[in-house]
Structure formats: C-alpha cells, structure tokens
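Going by the order they are written in, the chains are A, B, C, D, E and F; count residues from 1 in each one.
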Amino acid sequence: MIDSNTNVLVVSAHAADFVWRGGGAIAKYVKHGANVHLVILSYGARGESNDLWNIDGQTLENVKLHRQSEIDAATKCLGVKNVEIWDYEDYHMEFNGERMKQLVSKIREVKPDIIITHGPRDAFNPDHEAVSKFVFDAAVLSTSNGVRLEGTATVKQAKIFGFEPHQSEISEFKPDVILDISEVYEQKKAAMECFKAQQHLINYYGYKAELRGNHARRCSGNNSYKQAEAFSRFFPYVGGEFV
Amino acid sequence: MIDSNTNVLVVSAHAADFVWRGGGAIAKYVKHGANVHLVILSYGARGESNDLWNIDGQTLENVKLHRQSEIDAATKCLGVKNVEIWDYEDYHMEFNGERMKQLVSKIREVKPDIIITHGPRDAFNPDHEAVSKFVFDAAVLSTSNGVRLEGTATVKQAKIFGFEPHQSEISEFKPDVILDISEVYEQKKAAMECFKAQQHLINYYGYKAELRGNHARRCSGNNSYKQAEAFSRFFPYVGGEFV
Amino acid sequence: MIDSNTNVLVVSAHAADFVWRGGGAIAKYVKHGANVHLVILSYGARGESNDLWNIDGQTLENVKLHRQSEIDAATKCLGVKNVEIWDYEDYHMEFNGERMKQLVSKIREVKPDIIITHGPRDAFNPDHEAVSKFVFDAAVLSTSNGVRLEGTATVKQAKIFGFEPHQSEISEFKPDVILDISEVYEQKKAAMECFKAQQHLINYYGYKAELRGNHARRCSGNNSYKQAEAFSRFFPYVGGEFV
Amino acid sequence: MIDSNTNVLVVSAHAADFVWRGGGAIAKYVKHGANVHLVILSYGARGESNDLWNIDGQTLENVKLHRQSEIDAATKCLGVKNVEIWDYEDYHMEFNGERMKQLVSKIREVKPDIIITHGPRDAFNPDHEAVSKFVFDAAVLSTSNGVRLEGTATVKQAKIFGFEPHQSEISEFKPDVILDISEVYEQKKAAMECFKAQQHLINYYGYKAELRGNHARRCSGNNSYKQAEAFSRFFPYVGGEFV
Amino acid sequence: MIDSNTNVLVVSAHAADFVWRGGGAIAKYVKHGANVHLVILSYGARGESNDLWNIDGQTLENVKLHRQSEIDAATKCLGVKNVEIWDYEDYHMEFNGERMKQLVSKIREVKPDIIITHGPRDAFNPDHEAVSKFVFDAAVLSTSNGVRLEGTATVKQAKIFGFEPHQSEISEFKPDVILDISEVYEQKKAAMECFKAQQHLINYYGYKAELRGNHARRCSGNNSYKQAEAFSRFFPYVGGEFV
Amino acid sequence: MIDSNTNVLVVSAHAADFVWRGGGAIAKYVKHGANVHLVILSYGARGESNDLWNIDGQTLENVKLHRQSEIDAATKCLGVKNVEIWDYEDYHMEFNGERMKQLVSKIREVKPDIIITHGPRDAFNPDHEAVSKFVFDAAVLSTSNGVRLEGTATVKQAKIFGFEPHQSEISEFKPDVILDISEVYEQKKAAMECFKAQQHLINYYGYKAELRGNHARRCSGNNSYKQAEAFSRFFPYVGGEFV
C-alpha cells in the first residue's frame, strides 16, 4: 500500500529521463501520498540537448537554463516537489569518492523504501550504465554501519528498480515489474509535452505506454489496465504471499 | 491478500515434490483460507522410491501404497484437503492430447489465481522439465475460447510460479520470489518427516529453508523473516505498485 | 537486391501471424518482384479466434470459413498470390514424419533464398515455438541428399529469419534485423484492418512499427526510415562486406 | 588415472561423429588400458552421406555397407574393439520407450565412469540435440532403482561430457574440458583419413585440433601440449583437489 | 596431487571472506603440504564490521585491532602461516597502478599454481567484484615479459578459482568445482567460530557446506563426501584425462 | 557496395591486433577503394612483445622501434596508408577525458561509416576490453551535438563491428558477421608473416581463416568462399532487405 509512510528516491542521469521512463510511477506515488524525492544528476547539456545546440551562439549556461525550465514544468505536472539537480557534467558522467558520499548521505536522509534509477545496461547510453552502478553501490554502502558520515545513520536495504532503457532487447532488459499507470497517464503525457523539442520521444514513449498496457492485460487477464511502465528488479521480491 | 477468494493449484510431478519445494507455500495459503488444490501426477514409483525397491520381493503396487500413505500423512500436516493423484508412470513421464485435456479441464474447474509447479529446467530430473512445459501449455490453452471442452469455460491467465530445483545454479534457476514461511515452518517440517526413508532430503530442505530465510532478511532488511522458500516466475509481476 | 530471382518462403503458424509480424516484409518483397510463397499451417481456430467463439452456436467449420475470408483479404492487400493453408489443428500443434515430408517437399519446390517464420521462443504461445523447430529442421533436411523424396532435389541452405514474438523480452528475442517497411506500410495497415475483431492487435502492431522505425533511425543515423519490422537471425550473416 | 578399471561409453549419433569430435579421447583411453565401448546409433545414411548419394543408382543398403567399412577402418585406427551400430534411422532421429530401455540396459552393462556424447545444442544438426537428451535421460534413469529392467542393476551416476559441435559459438558451446591428445594425434588423423569423401572435414578437424592445442598451452602455461579436443561438462567437477 | 611443490595464493577482499568461502580449501591444501599464501586486502572495517560499530566510542583503529585478532585466530585454525594484510580501505575498495604492481610482484614471488579469489559477480558486494577483476588482471600481467618489475620474473599462467558469493543465483555463479572438505571440516568450523559476532554467517556457511556435500554425492555417486565448498573456474580445465 | 565514399576506422589496441583479427577486412576495403584509417593505440611493448624482452639489454625504446618496423611492413601488405600510432602504455591501458577527446575528434574527422575494433569481452586480455568500451563511448559521444570540440562537427552513428577474440567461446563471442576474405587472403598472410617472432599466431590465425571459410560455406551454401574472418555486431542490422 502506498501512503505517507512510503519513501521513494528517484535518481535520473539527465534532465528528462525520469519523465520518459518513470513519470507514471512518480505521479502515482505522489498521488497516493508517498514522499517522493527526485535527484537529477545532470542537465543533460552535452548528451541530451542536441536541438538546443543547433541554435547559433548557444551557450552552456543558456542550455542549462532551458533544461531547468523544462524540469520545473514537468515536475509540476507530476506533482513532485522535492527536486534537486546536482549539475554533474554528462557525456561522460564520472564518479568519485566525494560524489559517493553525497549520494550515500542523500539516501540516509530520505530513508527510501524504494529507489528507482537506471538499470545496469543501456545500449547507446554509457551515462545510464555508470549511474546504475553508482546508485547501486551507494545503496549498499548506505546500509553499512562502518561507512561513517557525520550526521547520518544507516538505513535498511531499499528495494531498487531499473528504468526501461530506450532499446530494451539489446540492453538485456527484462520487464520484471509492469506498473499500471492508467490513472495518472494524463499527467505523464502532460509532463512529456514539456519537452517539446523532442517530439519523437513524446511519440515513442506514448506508444511504449500502450504496449506495456497490452502486456499488463495479457499477463494478468485484467482488462482494466490501460497504460503501463516496465521496470527491472535488482533483487528478488521478498514477502508473505505470491504477487 | 490471501483469503477464501484465492484459488491455488499445485501440480507436483512425484509424490513428495510438493513438500520439499512448496510445502511452506501450501501450508501458508491453506492457513489463510485459500482454496488449495493439489494434483500429484505420479507416485514416483520408478524415479523417486529407491529405498523401497531395496526390499526383497517389492512390487509396484506395494510401492504405490506406501507412497500413498506418505502423501496422506504429509498433506494432513500441511492442511490441504483437495488432493488428487493421477497415477501417471514416471521416469519417463510422457504427455499426450488426452492428458492435456485432463489438465486443461482441471484448471478450468479450479479457476486458479496462482499455479505452482516445476520450473522449466531441473538438472538430473527430466520429469520435472516435462511437467513444467505440460502445465504451462495447459495454462495457456485453458484461457483460449476455441479450446472447446464440454462442461468447461475459459479462465483468465493464472500467475505461474516455479519450484526451486534441487541444484539451483546448474538448473538456471533465479529466485524471483522469496516467500516467507516462518509462521508455518513447523508444519512443513512435520510434512517432511513423513518421508522418513529420505532423511538426507529432510536435512537438505531444512538447511535450504534457513538459507532462503537469510536471503529474505538480506534483500529486505526485515529481520522477522526466519525460513523461506524460493520460486521462479513465469511472467512479469503486474500491478499497481512496486512490491 | 530483391528481384524476380529472389525466392521467399513464409511459414505462419496461424491465420494472422504473417500479417502482424511480417506483413511489411512480405509486401516489400512482392512489390520488388520476388516470388513470395506463403504457407499458413492452421486457421488458428482454437488458439486465435476467441471473439468468433463468443457467438452462439458457433461451429469449427464456420470459424475456418471466417478466417479464410480474412486471409484472402489480407493477402490481397499484401499482394501475395501463392498462398496455401494446410489446416493443421492448432493449440496444440503437433508434428510427425508425414508433416516433415510435406514441408521438406515444399522447401525443395520453392527453393527459397529466404525463409521467414517464428523464432525459437515465444512466451504464451507454444505453437509458435513448435513451428519454429519444425521449419528449422525441415530446412536442414531439405539440403541433405540422403533425405530421398520422390520428385524433389536438394536445395542450398536458405537464410532463416524469425518473426518478432508478442512479448519480445520475455521471449529472449533480439532484433538482429530491423527491416525498413516505410514504403509499404499503408499496405500492411490495410492488411491488419482485415482482422477487425482484433482491434487491440491492430493498434499494438501499429505502435510496434513506429517504435522499430525509431530504432532503425537511431541505429543507422538515417532519418528516412519511418516504420520498420524486427526479426531474429538463425545463422550469422555471411557476405563480402559489412552491412 | 586411466587404467583397466576405467569404463567409458561413447554414444555417437552418426557414423563419423565419434571420430571428428572424440577420436583423440577414444584413442587415448584405449591406449592407457580403459574399457571403451562405442555405440553408433545410425549409419548417417540420410543426413551425413551426401557424396554417396551422388552416385547413380545408389541404394540405402549400399550406403550402409559403405559407412560400415569406414567405421571398421576408423575404429581399428583408434584401437576400439567394443563397437555396436544400432541402425536407427537418422534425419530425423526419433526415440521412444523401447530405445530408452535399450540404452539404459547398455549403460547398466558397461557401468561407465565416463559417458561421452553430443552436447545439448548443435546448430544445423537436430539429431545431435535429440541424441544428447536421449543419452542424458538414459544416464539418469540407469541410476534409479525403480527403473526395473530384467537382468540389470543400477549403476552410479556417470560423468557426462559433450562433443564440440561443428559451429561452437552459435551452439552455445563452452569448452569446459580441453583434453590433450598429442600422444595419439597420429591415430586420430589416420581415423579421419578413413572418411575420404569428406576431405573438407578432415582438414577442418585437423585445424581444430591445432587451435585447441593453442588454447591448452595458453590456459595452462604448459608448452608440451600440441593437439587437443574440447568438451563440455554436463555437471560440475567433484573431487578432492583443484584440477 | 597436493604436495610441497604446490603453491597456492588466496586473495581475500575483507577479513573473513577467506574463511566463509574458502576455509576448507585452505585447510586441505595446508594439511597436504602445499605452500599456501594468504593476502587479505582489507580489515573490512567499513563494510563488514557492522556489529563492532554499534559499540559507543568505537574507533577505526580499534575495529582493525579486533579484526586482526579474529584473523589471527582463524588462520591458526586453518593452519595457514603466510598471511599478509594489506590494509586497503574497503567499501569502496579502489585500485591503481601502484596496487597492481604490488599484486603482480606478489604473484611473481609466490609462483602460484592455483589462485583462489572472488568470482566476477557478487550481488550486494561491489568490493568483491572489484577485487575479482584486480586479481585476474594482475594474474595476466604477471605472465607478461614486458611488464618489467625489478627483482621479479614472469610466471606461468596460474589456474584461477572463484569463491562462491553469498547469494549465488543472483550473482550468476555456477559451481564448476565442488571440492570435498570432509576431512578438514572441523577446522573450518573452528575458524568460523572465531567470528562470533557474525553468528548468522556461521550458521549460514555451515548449512552451505552440507548442501554442497549433498551435491557432491549426487553428481558423483560417491557417498563418502560429507561437506564441500563450491568454486567457479576462470578458464577451462586442461589436462590429459577427463576428471 | 564498397567504394571511395566508404569511410572505415579501425582501432587496434596493440601493434598486431589489426592484422590477426581484421587484416582481411582492411585489405578488402582498401582494394575496393574505401578510405581506411587505422589507429593503433599502443606498440604492445609491455603486453605483446614477450620474445623481444628475452634479448639481453633490451630497452623500451628499442622494442617500440622494432614493433614500428613490423607495423610498417604489415600495413604495406594490406595497402592501408592512413596509419597513426598513439603510443599509449599497454598492460594496463587506461583512459581519461583527454584521450576521449582525442578519439572523438578522430571519429569526427574520419566520418566513418564503419568502425572496427575489439569486442566487449576478451578473456586473457583486459586491454582489449577496455579499448572496446573506450571506442564505443567515443562513437556515441561523437554523434552528440552538445559534446563541443573546436573544429569538429557531429557525425552520424557509425556501424561498429567487433574483432574475434583469441578464445572466442570463453569470451562470449558470437560471429554475427562472417566476412569473405578469399580474394585478399594472400595479402593477409603476407601481413601476418611480418610478425615472425610470433610464428604460433601466424599458424593460429591461418587455421582460423580456414575454419571461418568452412562456416561461411555451410551457412550460405556458397562454395566459392575460401577464407573468412568473423566479427560481432554492436547494434542490429538496419536496412531495406534481408541480407
């Protein structure tokens, strides 16, 4: 059950990843009262802003401002309020001990039941793969009592779920979880529309939502599912009943 | 939630498979009021009764009687009442159109939300692999309106879960589901004790339950889990929240 | 280059598989003058005619007539003229020596450069998996001089391509070939519309074509690709240059 | 250590498989005094006698006689004396309960420490895959006390090793065992020369032996290895030291 | 055969890994006269000392002292005398050129026939994965004549074996080698008891030893095996006979 | 079709990799008029010059001079003129932001249709794996408009092909492309002969070429193929017809 005791941390490599790949999940958890925290590691200024750089005299600062405004609009559509942009350089995104401490501290602050981030493989996107390992390692470290960070205390192991990569089959993606997003789909659509320069992706992830909805119906026999998002699991499901 | 609207069908290749591999799941679902139906396809007279055949003058009929009494005792421990033994020959177990109809009809009668049976690979046990495909195919056929069987009506697609095979890693088994069986573990233990001739397996699956309990704690951070059973999934999880 | 020396054999398990999964490929090869032969193994009366069986008093004969008319309409849209329906029972489709001879003979008659059929794995559809092995084995046997069938002569090894299954990732499908079908997409769409009772599949495979078109553009940098179909390969590509 | 207490059973699908894929292993075990039993399931008259069928007026009987003489010559080169040809039809090779009993009885007679046969996957050769499963299942059944066959007694589980298939990578073959055959390589070469019509295979498996010799040297640092054969394992190595 | 010409190098990421995962192997090789060298890369002060950090006023220095005394006791139980602790920081463990030189030099000094260390994948433990690659790369470099390190000479390629990770199936672990440790199991047990704070792991690896003993018996038919440890192989087995 | 509009970039980790693994491909593309650019990242002085270091008083400078002369001779045999040696240290080869810029700039200068380099896995050679990722990441970055490098402009996504590693099966290599090199095989042979100190590799890759030629014939039925080279693909084939 999703409620105000549910803590969710979403870690997105670039400005729009969280919308295409997890916008429905975010909107749903916000709607049902969960505490959703969104960390966006970079503006995607180098790797995911092709159109903006086609403008004469474009500057890095201006690209970031532009992406900032899109992020603001999209997060408003999804209803998520705790949003941080860490402004790492992308394409290549690199990590070090300092950044590891930053994320471990964040995890210990949020105390997430659920972490949603990039899965381990993403063909065509080296940043997504690096972020996946970064978040996973930080999640493990955050549970260890010997990793001493002032003002923080260990948390219990969060469940971790991986976004669907753009080309799933050549990224070894298995849809372990198909999440029904029918009731918030209009919000996701609105959030996607905030990234107007990427009309081809708005279409693409619109179609995806319909396909995953079809899979949801076929796997469950439940025809009330309309649109869905798919995620991989990092660990087995553990619980008291078959779900 | 497990309750009296929950229908479960367990299909076991031989006399004791359902105890070693799913006894905890069965006891738990029975305890919480689900309708659990158990189909045992064979007595395991040829493949899983080595000790009995060491007795001079042993006969097939007698072996079956012996296994029948063990099954009766074990199912009593688990609390499951709807039990059928179909008395197929084992080692090799073979299937045909008649048997397919028999199982499709059973599925349509039980209307299971959940089917529990052998997973697709089981090193050292060709019967388990054959049963896995048999059950899967029957589950698919049972949903199809064009598969006309008098007195039956189509059912919606059941969720299917696979037993853990004896040697998991060389059988390509992944524990997709780790089911907490702490509250019914004494019942499972009692059921296992009904198969006294196989003391090495009683020990083995006792240790397994503890190891899976350790995994349950490590993956969830929940230390109330004591013993557990592991299962594979045949399809993705579909639902309204991350579990 | 596709021309009148190109022989293509398509083997479809059920009435509509060749449309959803390979309609674009068929239309394209027909359009460019290839000799396309289509073998439909069954009417899909049991496994893929759910809607028809909802009609009171429905009969098997009538279902087949209905599917026949849909096939006629769809093949007309695609322009394929050499069409055979072998009327095997589906759900379960079973094979034997006689049927193997029938297909080996057909392959030796058509002398295909290319065979298009179901790939080896298809979650939720046991028939598709059985057909995949049937066609593969027949293709191998057809090249062997010792497989003596009156009135036939051995052929050289055809290239074999596998249809995309309905749920690709859980069917271990890799898109080895992404085939541009932009120029014949209207024909495929028209062919799909011939199966009106399955509106959800018309939508589904419409979306799929757009997604695969996106992949085609991303993998190649060629923005002229609009819609595409994906296929697996049964063997490596062999040739004189990188393609 | 190989000696007169070592029992080996080799099961070959067709007339020459045991030479190309395991001739070195056979010669070596014979040379060191092991009891090597060779079962050849078919003459390969349909699937592996292309050249013979190019002769006008060729008959099945004559093809078998020809293959028989080649087998006689090759086994003489390798020094193996216990040779049986079971004359199953090949391409497709099919199995049933009778054949299963025949092989279980043979295994119980030979009491093999080691069984060498085809591995589970062999692209382009459906017979090899079917034989692999047939032999594996028989090996399992032969250990089971409930599988009653007059005049036989159960045996302990043999180690099973799989031949290298013709195209290893597309057959998912891993070389778990690289067996040094340097001291008997001349014998293997002589045995291969008995199949003169297949000069391309004589060359092919000659090159393979050299490549596997290179791998043997590289993996071990032992430069005395010259030629080698590769095999897969069906189960883990079990023993008292790292080998 | 294990004797005084057998050189073994064990590389353990943290203080106790070598006991849980390879204590039996170590005791066995020591017992039979091999030269066993143990390198422990870290005290596991940050990642594997949770209980110690629960003590008020705990310091890093004190944690290390505590782990040192446990290591001393455990190695004494196993009989291994050549023990070095390199005191790298753990959680995250990082490597660089200097550390690579340190390990290459060590390998060239020990001249190991066998290296035992962590396997390539270990869910929940990023350090183990990093150590696996570190050791593998060092093993390769140590054989290369162009890697010039004063006072060292190249060695031949060692066989490398991987420890069983804590959750084997989700770490893609295959038990390539199942090593009988029955004769030294009491020593392993005693060594495990030296890590009293981790009672749950003492139980866990006790159960594991029994399960692997069961697998050893089942795979070999040899009932003298009682307890065992499982390892993966980094390369194929190379040798003169099937083992 | 290969012609003067075809741009090819080959990136080789060490001095001779491009010859053993892609010499045929290079010679063929040069012969048919393509613009072939060869970047050799290191002289292989540390990892692939074992024999040279056996000479008393050997120096790094001298080893490099020696390798330079071999490279000059071999590239002459293959006909490739655009050759750069970047003189990175090998064994371990390490990468950083500067080197990434260097390769992105090179890709943007060459505008390759085809990039040929090491595949992602190569057992026994950590450098090859590191180079594979380096080249892949650079290829992705080179297409991104936000990766600003003075004097360069983005290019479209190149097709990327992976060399066959030395031990293919344990390096998870699949031969996606089998390239006929019959017409240039004498050139490849001559280029290989330039590395006289490595006679065992000259033999090895000579045998390989014959084996791959056999696979080319078997997969295609085209007997004109004599020698071939195998490559993996990094992405699916995209195009207008089945090839």
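The definition used in the following text is that contacts are C-beta pairs under 8 Å (C-beta built on N, C-alpha and C of every residue); 3 or more make two chains touch, one makes a residue touch a chain.
Everything numeric in this text was worked out from a predicted model, so none of it was measured.
*Asks:* Quick check on the contact graph: shortest path length from subunit A to subunit E, in steps?
*Replies:* Step count on the best path from subunit A to subunit E: 1.
*Asks:* For the copies subunit B and subunit E, give the interface type as same if over half of its residue numbers appear on both sides, and as different if under half do.
*Replies:* Since more than half of the residue numbers are used by both chains, the interface counts as same.
*Asks:* Taking the mean of the CA coordinates per chain, how far is subunit B from subunit C in Å?
*Replies:* Averaging C-alpha atoms per chain gives centres 37 Å apart.
*Asks:* Approximately how many whole Å separate the CA-defined centres of subunit B and subunit F?
*Replies:* About 53 Å, centre to centre.
*Asks:* Give me the residues of subunit C that touch two or more other chains.
*Replies:* 124, 170, 174-175, 215, 218-219, 235-236
*Asks:* Which pairs of chains touch one another in this structure?
*Replies:* Those chain pairs satisfying the definition are A-B, A-C, A-E, A-F, B-C, B-D, B-E, C-D, C-F, D-E, D-F, E-F.
*Asks:* Residue numbers of subunit E touching subunit B in their complex, please.
*Replies:* 124, 166-170, 173-175, 200, 203-204, 207-208, 210-211, 214-215, 218-219
*Asks:* Across the complex, what residues on subunit F touch subunit E?
*Replies:* Counting only subunit F, the residues touching subunit E are 45-54, 63, 91-92, 123-126, 170.
*Asks:* So in the complex, which bits of subunit F are touching subunit C?
*Replies:* Its residues touching subunit C are 1-2, 25, 28, 114, 116, 143, 156-157, 159, 161, 174-180, 215-216, 218-222, 225, 228, 230-231, 235-243.
*Asks:* For subunit F, which residues count as touching subunit A in their complex?
*Replies:* 97, 100, 133, 136-137, 140-141, 144-148, 235-236
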